[in-house]
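What follows are several structures.
The following pair of complexes shares a single chain, subunit A, combined with subunit B in the former and subunit C in the latter.
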Partner chain A sequence: MALLGRIARSTEVYLVGVLLVLSVVLFLLNPKFATLENIFDVLRNNSFLGIVALGELVVLISGGIDVSFTAIATVAQYVMGVLITRYAIESVFLAFLIPIPIGIALGAFNAFLVNRTRVHPVIITISNLNVFYGLLMVISKGKWIYGFPAPFRDFARLKVLTLVSEKGVDYGLSIFTVVWFLVAVVTWLMLRYLPIGRKVYALGGNSEAARRAGFDIFRIQLFVYCYIGFLSGLAGFVHAELNQMIQPNAIVGRELDVLAAAILGGASVFGGAGSPLGVVLGVLFIAFIKNGLILMKASAYWHQVIMGFIIVLAATLSAYQQNLERKRRKGV
Partner chain B sequence: MKRPRGRRETQSLILAVVVVFLLVLLGILTKGRLLAPDSLQSIAFQLPLLGILTLAQMTPMLTGGIDLSIIATANLCGVVAAIAMTRGNVPPLGAMVFGLAMALSFGVFKGLLIAWVSVPAIIATLGFMIFIRGVSLVLTKGYVIAGFPGSFLFLGNGTLFGIPMPFVVFFLCAVFLFVLLARTRFGTYVYLLGSNPVATLFAGVNNGLVLFATYLLSSFLAGVAGLVMIARFNAAQADYGEYYLLLTVLACVLGGVDPAGGFGRIPGVVVSIAVLQVVATGFNLLGLSSHLASALWGLILLGVIAINRMIGGVET
Partner chain C sequence: MSGETPVLRLAHITKRYGGVVALRDVEFSVLPGEVHGLVGENGSGKSTLVKIATGVVQPEEGEIFIEGQKISRLTPYLAFKRGIHVVHQDLSLFPNLSVAENIFAHEYIERHRSFVAWKDMERRALEVLGRLGVELDPQEIVGRLSFADQQLVAICRAIASSAKLVILDEPTSSLTFREVQRLFGFIRELKAQGIAFVFISHRLDEVLEISDVVTVLRDGVKVGTFPKGELTKAKLSFLMTGKEITAESLVTDLPEAREILRVEHLTRRGEYADVSFTLHQGEILGLIGPRGSGRTEVALTIFGLRPPDSGKIFLEGKEVVFRSNRDAIRHGIGYVPENRLLQGLVLDQPVADNIAVTILNELVSRSGFLHPARKIAVAERAIRDFGIKAPAADAPVRSLSGGNQQKVVLSRWILTAPKILILDTPTHGVDVAAKESIYEMALGLARDRGIGILFISDEEHEVLKVCHRILVMREGRIVREYRPSEVTEEALRQEIVG
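Our next item is the complex of A and B:
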């Protein structure tokens, strides 16, 4: 475990270093990058991605994977959208409470199938992605929802810290960024200090060992898939707030972006490894690169070439590092 | 060793029953239109695209891996061939070679990283998916490239003895892969590697080489699918058919391929592709939403898995 901890920590140290270098380069290329206004903007726009990536992390640590969370977030926010516009629900808190149980319930359904069928979770969640999203599209007929009650609209402009730019425009740290970081801290505390968090690592590290040690595997899986379901519901709310519009096809299709962020942040597809800090850094890394490219006015077509290259490079380096580690240990 | 085989045979049987049931049900609901010659022919035109892509997905899955970059590879091959034909005035055959060469050259990098640097397939191919799609976007600047010579369009819209050309291509690919997997040493290695890579290593098999060949093969088949696709649409674009990606995985598993590797046969996969296409065409004829078909695909897969568990899943 000490060894695993060291590798995990080194991934984060490495990422912080890369982020710093990247920031300096971006700043030199375009000083606008380093303005608080720009950074706050990036943090706000990526809070949806950041929140679901933390959920994916927990599933990955347990040795599972979930690609249905985009459909869960969509279903959750859509139901919320329908209810608050039809019944003119003025309370933002009430609106916030709607998507959460939907997310948890759909997550529980995933967990149940994963546990009972013993089929690889990627298959189960692909099926459920089709089922949840397909049924939503059939029932909703793909209609967009907009025109939310005023309090819901105003909430999106809520800031924890308000500054005024030289041009006299208000800007600041968005409430959604705070929610994202709060989720990161809670996830970290849960994984590190709560028994269930340790069990998640145990299951991902060696599921057979965890079973023989007497852990209730189903309960851990239920927790893990409900957790990402819960965060998907929450992220669905954040997404609706950020866009002030709910399009059924806005989120589905971004599964692999989130997976890429989690993996860049040091989560392993084999389970047992990864940390919330790493995933936050992974999301920031992708966000900074995208933002830098936009500020540099690089043609949008190059974004994907560069992103793909970075993911391949990061995966290659980490695999290479693990090969060296393995050889070194064999040598001892 | 006996049980998994038995279970997989039950799965194929269940699937066959499902196909017959669906055919009859949709046949009755569409008042026989589903089985009329013209809709059968439209199935034979549409099925091959998903079919060839699923074949491209199958070999990596047999080794316990996955290839998320097949759709991107197909599109890149299509885009390169399209550019060669429209801007370079290269004859269709030459353009097809260009496209396939491009697909294969990315397959080489992908294979190298997975086989010898041991990058997990899901991550490596995820990166390549984004990278390759980016290359296509840079090449096309996001536009559609259209208007190919008639001799090329034959590949997507012509018929050979009344059989649609795409279907002929699909059939050839399926036979090729069947022979390769069931009748050659390479095929045996693929199955063994998927079941137990340590055992094959100790048996003296060059695991790296087998994996490398697997991803080259998948890039090649994806390229073929790309050519059929642009010939069918008479247009090439960077991001056609992305929703096929997860569908190919689903089609493989439905056809009995074990995502952990080692098991799965061509006939099962071909039947499962037929199921997916029959559902899609039937729903289309009934005027039902394609999203309902996609939900139903998910439910069929879950249903087959559940029935399979109930019948064969008595162990531990």
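Our next item is the complex of A and C:
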């Protein structure tokens, strides 16, 4: 009974409901929405967003925030692009290994500054967003990279499940969607079953108590910022694969989408709350809305307006929910 | 000293902070299964003693023994490992985690397990809860529990990591009478299992009720350790302050005074019902009842914050309807909230700004800017008038003692020249001497300025001391009215519990 109650009041259940309603509305507006082909497409195109949102979730749970991940992903994929084109690296696996350590290193730099300066992480990571991105622009002069080795191109078409449409075109579940969901499962296992994952929740719930319990705060911070750095590197790779081109300005500017997805999914900017499942649903929500707008042929500017609204709405709802919770607790 | 080895013994401890001596040559020891009361005014050295006992700070001189073994350098981790635990006033729990996880969170730092075994953790949590006879769901999120239950979780956490000595820092200040009795039940249960407690509290009744022995500190020096049988409350206050503090009523008779506030049949669903009373000029009217009895809710209604479902409010004979607290303030009602730290003050701002905030409009010059000199002048006068001990008008409020912070909140309301002042548990969490000065301030305001004061409290002796009349509230209703001369402390307590 208590378990049922806990499930019923969880954010995830609400989100599934909202997603179902949204899907029906989009389907009624444009039946094309509910085709498997479109859904697979949405899942593939949003795998970048989905992966970094899971990293952001972990940082938010710890009570921190990272807005520099777009720059980290960009730097990581750019270095990879330069290396694989200049040295004609044929191995996709080798290419994949390049952005990861870059992401982790930049994440560690964030963690170090957050811990040592005690300045709010939003300030630190906005500054680092500019430092990382600015340096990249200075060095690269904003040049685009394309013409990747053939294996790198072919990898992007890899599907786990292949179907053929009526028109005879292949479609299916992209490898990148699988990577995204795999990251979600790993993140969930880590948060739920590893002591470090529990410490992340504890730190976000009450940092003073975490200190008193003898937790090494710097190690937890190092872990969360490196984790989002790691996922940014991975997502940078995915992004380059999806677009088959690396533009230094393609990713930076999407910070709000990711934050919105995480907060919609039940993460709190005050820390201590949120789940990977919720964030996956949050990303899907944003993805569906965007897809719906595209299917309705709405102008790109509307996307921004709607996204802005969604963020305000999500933040308001979560604040409202917390208020209710506080009142309920007082009533006890 | 008896044959038993103390769990903890602090010998000849001296601690200085800069030039200030926090503790001088203090001897303190706790036997297994003993409840050891520790009392003293704020600044007497209690918290320093706790910090030394738990390795948070190191003494300059003296020795620490745990179970007879000398510890050359005690660290927080070592204290924890050796079974010395503190339950802080804020409990230090993780509100977003479950009961079971809070009890065992410390195990995450030991690396003997690579995965979290939830089932096992919940089973062991049930065991610990069972040892105390506490009925809580190990899976429940701690933030959803009442404060009293959260406190039990914190105690269970200490027990689970095999605590031998649990230091309870002001454990009862947020509990109702019944919850305190329940807590004492648990303490006695664990005491029987051989666990020792240090019980720190400002509430001397409770210290005397639960402790076997009481150690009194004053100005960093140990006054003595006394068996409970040798102590009375009056003696304890005297030992703490060095001053006789009378329990007698301080109130002088009120001449036939004009009515300034009357409420009739005030009702607000789920909070209080059919509340009627009058308040006269220069009168201090006590409103006493347990937390959740509706006392604060009634006060907030009079202050315009919670509109009543039915009933009427009359000010000086005229009916008023407040739509907000701005209406109430305009009509001369001031409210000093229950938790001064949370609701009243901006701690990092200067005393002057905190005092002048209620009358900023009057301090604006013709050009539309704030007049800094006038602000300082107003604040300095308030500091003088109300005897606030502040280094300067521009010192941050944080640097003041608790009692003086409370005076700052009071003084700001008095600047608005209120006719009615609502004081919501104004002495909550302040020490004996500061309480006395708050009483004097309230009495002075009523006597000299004719302010009618609604004095909300949960301490019987306090309302008996400062109020002209006392209303007892229980479960949303006023159940009795007394004059202080008509009732004893014990009888009043019985009436409150019902």
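Please note the rule applied: the second predicted complex is superposed on the first by the 322 of 332 C-alpha atoms of A that agree within 3 Å, B and C clash if a C-alpha of one lies under 4 Å from a C-alpha of the other, contacts with A are read in each partner's own complex, and residues count from 1 in each chain.
Following the convention adopted for this analysis, contacts are C-beta pairs under 8 Å (C-beta built on N, C-alpha and C of every residue); 3 or more make two chains touch, one makes a residue touch a chain.
Just so you know, these numbers come straight off a predicted model, no measurement behind them.
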Problem set entry | Which superposed partner A:209 touches (first subunit B, second subunit C, both, neither) | second
Exercise. Taking the superposition as given, does A:17 touch the first partner, subunit B, the second, subunit C, both, or neither?
Worked result: neither
Exercise. Between subunit B (first) and subunit C (second), which does A:194 come into contact with in this model arrangement: first, second, both, or neither?
Worked result: second
Exercise. Where does A:31 make contact in the superposed view: on subunit B (first), on subunit C (second), on both, or on neither?
Worked result: neither
Exercise. Now for A:147: first (subunit B), second (subunit C), both, or neither, which partner does it touch?
Worked result: neither
Exercise. Is A:272 contacted by the first partner subunit B, the second partner subunit C, both or neither?
Worked result: second
Exercise. A:263 contacts which: subunit B (first), subunit C (second), both, neither?
Worked result: first
For this session: Between subunit B and subunit C, point out the one touching more subunit A residues.
Result: B
For this session: Please give the residue numbers of subunit C that touch subunit A in the complex, ascending.
Result: 76-77, 80, 88, 90, 92-97, 101, 105-106, 108-109, 111, 113-116, 137, 139-140, 143-146
Exercise. Touching subunit A in the complex: which residues of subunit B?
Worked result: 66, 68, 113, 117-120, 122-124, 126-135, 137-138, 141-142, 242, 246, 249-250, 253, 259-260, 289, 291-299, 301-302, 305-306, 309, 313
For this session: Could you please specify the touching residues of subunit A with respect to subunit C in the complex?
Result: 2-3, 6, 192-195, 197-199, 201-202, 204-206, 208-210, 212-216, 272-273, 325, 328-329, 332
Seminar exercise, completed: The subunit A residues in contact with subunit B across the complex are 67, 113, 116-120, 122-124, 126-131, 133-135, 137-138, 142, 253, 256, 259-260, 263, 269-270, 299-312, 315-316, 319-320, 322-323
